[in-house]
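Chain IDs A, B, C and D follow the sequence of writing; residue 1 opens each chain.
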Amino acid sequence: MNTDLRVRLGGLELPNPVVTAAGCAGSGRELAQFFDIAEIGAVTTKSVMLEPHAGRPAPRMAETPSGMLSTTGMQGPGVDVFLQRDLPWLLSRGGRAIVSVAGSGTAEFGELARRISAEPGVDAIEVNLSCPDPADPAGRRFADDVSRAAAVVSTVRSHARSDLSVLAKLAADVPDVVALATACAEARADGLSMINAVRGMAVDPRTLRPAVAGGMGGLSGPAIRPLAVGCVFRVHEALPEVPIIGMGGVRTGADVVEFMAAGASAVAVGTINFSDPSACVRVLREFTEALEARGVSRARDLVGAAHRPGVGV
Amino acid sequence: MNTDLRVRLGGLELPNPVVTAAGCAGSGRELAQFFDIAEIGAVTTKSVMLEPHAGRPAPRMAETPSGMLSTTGMQGPGVDVFLQRDLPWLLSRGGRAIVSVAGSGTAEFGELARRISAEPGVDAIEVNLSCPDPADPAGRRFADDVSRAAAVVSTVRSHARSDLSVLAKLAADVPDVVALATACAEARADGLSMINAVRGMAVDPRTLRPAVAGGMGGLSGPAIRPLAVGCVFRVHEALPEVPIIGMGGVRTGADVVEFMAAGASAVAVGTINFSDPSACVRVLREFTEALEARGVSRARDLVGAAHRPGVGV
Amino acid sequence: MSDYGPVQVRCPVLNVRRVDAYYAITVVAPGIAERFRSGQFVSVAVGGDHSSTLLRRPFAVHDVKPDYGGTIEFLFSVRGTGTAWLAERRSRDLLDVVGPLGRPFPLPRDPVNCVLVGGGSGSAPLFPLAQSLRRRGCRVDFVLGGASADRVFSAITARRIAETAVFTTDDGSFGTRGRVTDVLGRVVEECRSDVAYACGPMPMLRAVTAVADTHGIPVQVSVEETMACGIGICMTCVIPVVGEDGITRMARSCVDGPVFRGEQVRFDDVGTIPFDALGAPGWKGAGASRSTESARDIA
Amino acid sequence: MSDYGPVQVRCPVLNVRRVDAYYAITVVAPGIAERFRSGQFVSVAVGGDHSSTLLRRPFAVHDVKPDYGGTIEFLFSVRGTGTAWLAERRSRDLLDVVGPLGRPFPLPRDPVNCVLVGGGSGSAPLFPLAQSLRRRGCRVDFVLGGASADRVFSAITARRIAETAVFTTDDGSFGTRGRVTDVLGRVVEECRSDVAYACGPMPMLRAVTAVADTHGIPVQVSVEETMACGIGICMTCVIPVVGEDGITRMARSCVDGPVFRGEQVRFDDVGTIPFDALGAPGWKGAGASRSTESARDIA
């Protein structure tokens, strides 16, 4: 069978729904040692900031049941190096680029969007709303305040080239993810990515100290999949027209089916890249086989199937 | 070594810190087939309502990575049957009883507290704030509204016998768990239990339908442990004087160490009772061995150790 | 802790046999073997101590033998992660098994004619039942079905221990093409069955109950609901069952079942909370029910 | 995908040997064996496909042999869940292995005298290094330490392949009581060591670097940081390292290391972000660094 794997995220068409999650694939260079980066839907790059950032102190990670806790603190070389070194490499290999941006302030988000729009070849900008908002007195994240989040999205939208898709990356541990999604869509996000890692903590039972420096970290991996699928389902129910990249613990092709049925148009592989550097192509192959096995000829027909009782695909 | 395992939850002293989590041990009768129920710290009973409740339709559960999703919807026979049949059985076996209550309305919570206070032998009432608040137009839970949650706690406190401890059972997926905890403490909760199962969803990749009836379910088990430990840590940091029963994915004695170091005075075993009906006594044994191995002579010295860098126990 | 309740044991695997599309595992478990009564099941932890699959898998006990102080055998087909893992076990591996669980099949006092109807893996618990019935002088006839020949459990054993054994397969690869209920009526008549026992998927149990009803014979059904705990504490395995008192309750299939009288199970309402079930939304019998419930024997 | 980068392979286990307090696993992995250079490591998936322990475990390659097209061996002691699982593997089991990973030990051009210092499992990568050095005509001396006799890795092999081998244990159960650095100065002098190589826990590496510094010889250290990915994408394994340009960067020990020049590692600042590190909070060199960073060879 010749399965049509193409999916659409608003104006953006991808050859298949499997992309990488921000911060879990660098800019594709390391994973390209294991598979052809042009084969997957797109590479979402690690969130890039305007200036170099050294990130957080070590220890930065701890293993948890079916997941991991991490705090890398956006370490990266800054947007200039990214645009000079990492992006050209990715494009030269035929990879599609979703560039994740993290601003330390709304204006910086705008500046990042402007700089990235100046480069040809980028497909979309993903706005990481889980970074701390320096203007918030309590040090909360942009995602914690619906109106601040929307302001960031509309700033990025107005600074980004009009043919670039703007995706808002949502956090799940917010008061109301549907309200956040709605505000971002109203701020003209072309799509939504969800979910980011969820805040959690582990204490090392040997040292009795928090297992990652600073205490709280981001929980990712299969452990959080039900939280992610729940968010995707509820947001798709409320905003069926807004395309979603679903993520959170994708490990197999069946998980892609699960996310798409819940309402995602594409699905990102994050933490599992760490445990299986070939995961993206394996997941894509398993997904394709799953479609063939159930006789689905177009991947996009799966989107939202769980909302249509009895209809199936 | 003769380790002193006793812990205090406000006015309530337990012989050891291992208790059962509400809804994960019935009223102790079934688990008593596997161990002596008087050996563990206490049995927290399934949340009891005023009237019988049939609960939610099946399917009620799905397995997820290192966790499970469930929706039992508070099925139970009502408080009369509980007081006539289940509680006397538990007390007759020497079990300590923490009775979890779920009211469909603030007044009902008060009535439940009154009825339970009329029975001798109960040690504490745990107020399940994760049940839907019938007065909330959006059908949210009491835990979602700090002031409604506090109102329930103070109603229970004022209807409960003064020598009964009142514990507020918090949800983790709320806008601000520290604010919720603070409000409950100010409403004169003697202690806090955290966390309840976290809302999530799974889609069955075969049927493409939500795996549990009604779509959303509660995610429990080791998968959520980092979320639970994070809540306990943050609440203990903010309210070091308020005793906490920590829970969420406890599987081994090391997990008890982790929760206590984060700030819990006692620790509840929930989902793992389903996979290992002897879990409570196994966990208690492993915990005791862990204390001996590190030369800790009093279990309560562990409480909050992760907040005291370099001090240790 | 008690002499008749379930026990939890780490039992050595005696052997793992592959038979057609299914596997048979025998474990040494004297404590379970001595307590076992036909119709009961065990639950098995899968995947090891650090597995991401937490829940036990329930399996009917297919055979109990006195060897090594007492062994039990269960049969299974590979369905998902748990059964795939079990299929890889080898002799001397240890399995964490809890059992025996659930209410057994009630046995007739008199030596009556019994027809035993099984679908797929649902045939498994009928074999020890057949033995018990034979020991009481009952006549046993089998009707076993499956998707295809290799999915009909223990056909040879069935032929050996029963008076007659009829087989059906969906694809006609073995026995009659069709379903067990396509042939059941005929078997009941020819064998003059006085009582039926059935185990298999819910739609099959419903159809068997209907056939039994038509022929005016009682039927005991054993349900295969998904179960998180198997011991009665999680409340996830419930189905609507009508009690002796005429009141419908959401009964736990692990401890109130898995065996129910066919007509007690509200097959049409499985997967719902019937409006007239005890404690259903809007249900009106509060006063009455409370006393009823408390009077009920739940030991 | 490339001739020198790492590959991911499911390799059959050839054998698992137990030696004192540690285990040695040999797997058939021609692709890894042919690419391997001493100092590199592999990462191994543990627990099977449905394990709750997601992350790979990194292990230094201890030996490479031409058998079966190419085998690699790694040594480990059981520390937690992953190594406990590995210890239970048997020949013919399949292991999912990625390698070779990381920067190898740089080898001297001339036949100089090399002292190799290992602590506990950190001794493992020094053995293929010793072989490579010997092949270049270098003199090799070993200083190996461990908590107790059974924790000193491969003492016999060390004696066989090195000119001299000195052992230390914390409890004095084997060799000199004390630490490797208690004897290192003497060895460097007696053996006229020109260069040192060290692998082990961070405090040991720091002390070895100090001793080497005192004696004015260069030292290459191989660090054992916790690693989530081992291939450079997760940024969890960073330590502060001073570059050729004098700028401190949070370097990934998996791809920028695990081997660094001792004086490059800011041992005192491990576990912190030094205020003068590239991109540290309040760091002021934005303009300069950007060009510096982009000019850096990161291949």
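Simple rule for what comes next: contacts are C-beta pairs under 8 Å (C-beta built on N, C-alpha and C of every residue); 3 or more make two chains touch, one makes a residue touch a chain.
Note that the structure is a prediction, hence the values are computed from the model and not measured.
Common neighbours of chain A and chain C (chains touching each): B, D. Contacts with chain B and chain C are shared by A, D.
When the C-beta contacts at A-D and at B-D are tallied, the pair with the greater total is A-D.
Ranked by separation of Cα centres from chain B, the top chain is D. Averaged Cα coordinates give chain A a centre that lies 34 Å from the centre of chain D.
A separation of 46 Å divides the Cα centre of chain B from that of chain D.
The distance from the centre of chain C to the centre of chain D, each centre being the mean of the chain's C-alpha atoms, comes to 56 Å. Looking at chain D, one finds that residues 52-53 touch two or more other chains.
Looking at chain B, residues 65-67, 221-222 sit in touch with two or more other chains. Judged by the touch criterion defined above, the protein chains are all mutually in contact, each touching every other. Those residues of chain B that touch chain A in the complex are listed here as 64-67, 69, 173-175, 198-203, 205, 208-210, 215-217, 219, 221-227, 229-230, 233-234, 249, 251, 254-255, 257-259, 261-262, 290, 302, 305-306, 309, 312-313. Across the interface of their complex, chain C is touched by residues 65-66, 222 of chain A. Contacts from chain C toward chain D in the complex involve residues 47-48, 50-53, 81, 85. By the touch criterion given at the top, residues 23-26, 30-36, 46, 51-61, 63, 65-68, 70, 72, 75-78, 80-81, 84-85, 213, 221-222, 271-278 of chain B touch chain C in their complex.
Chain C makes touch with chain A in their complex at residues 52.
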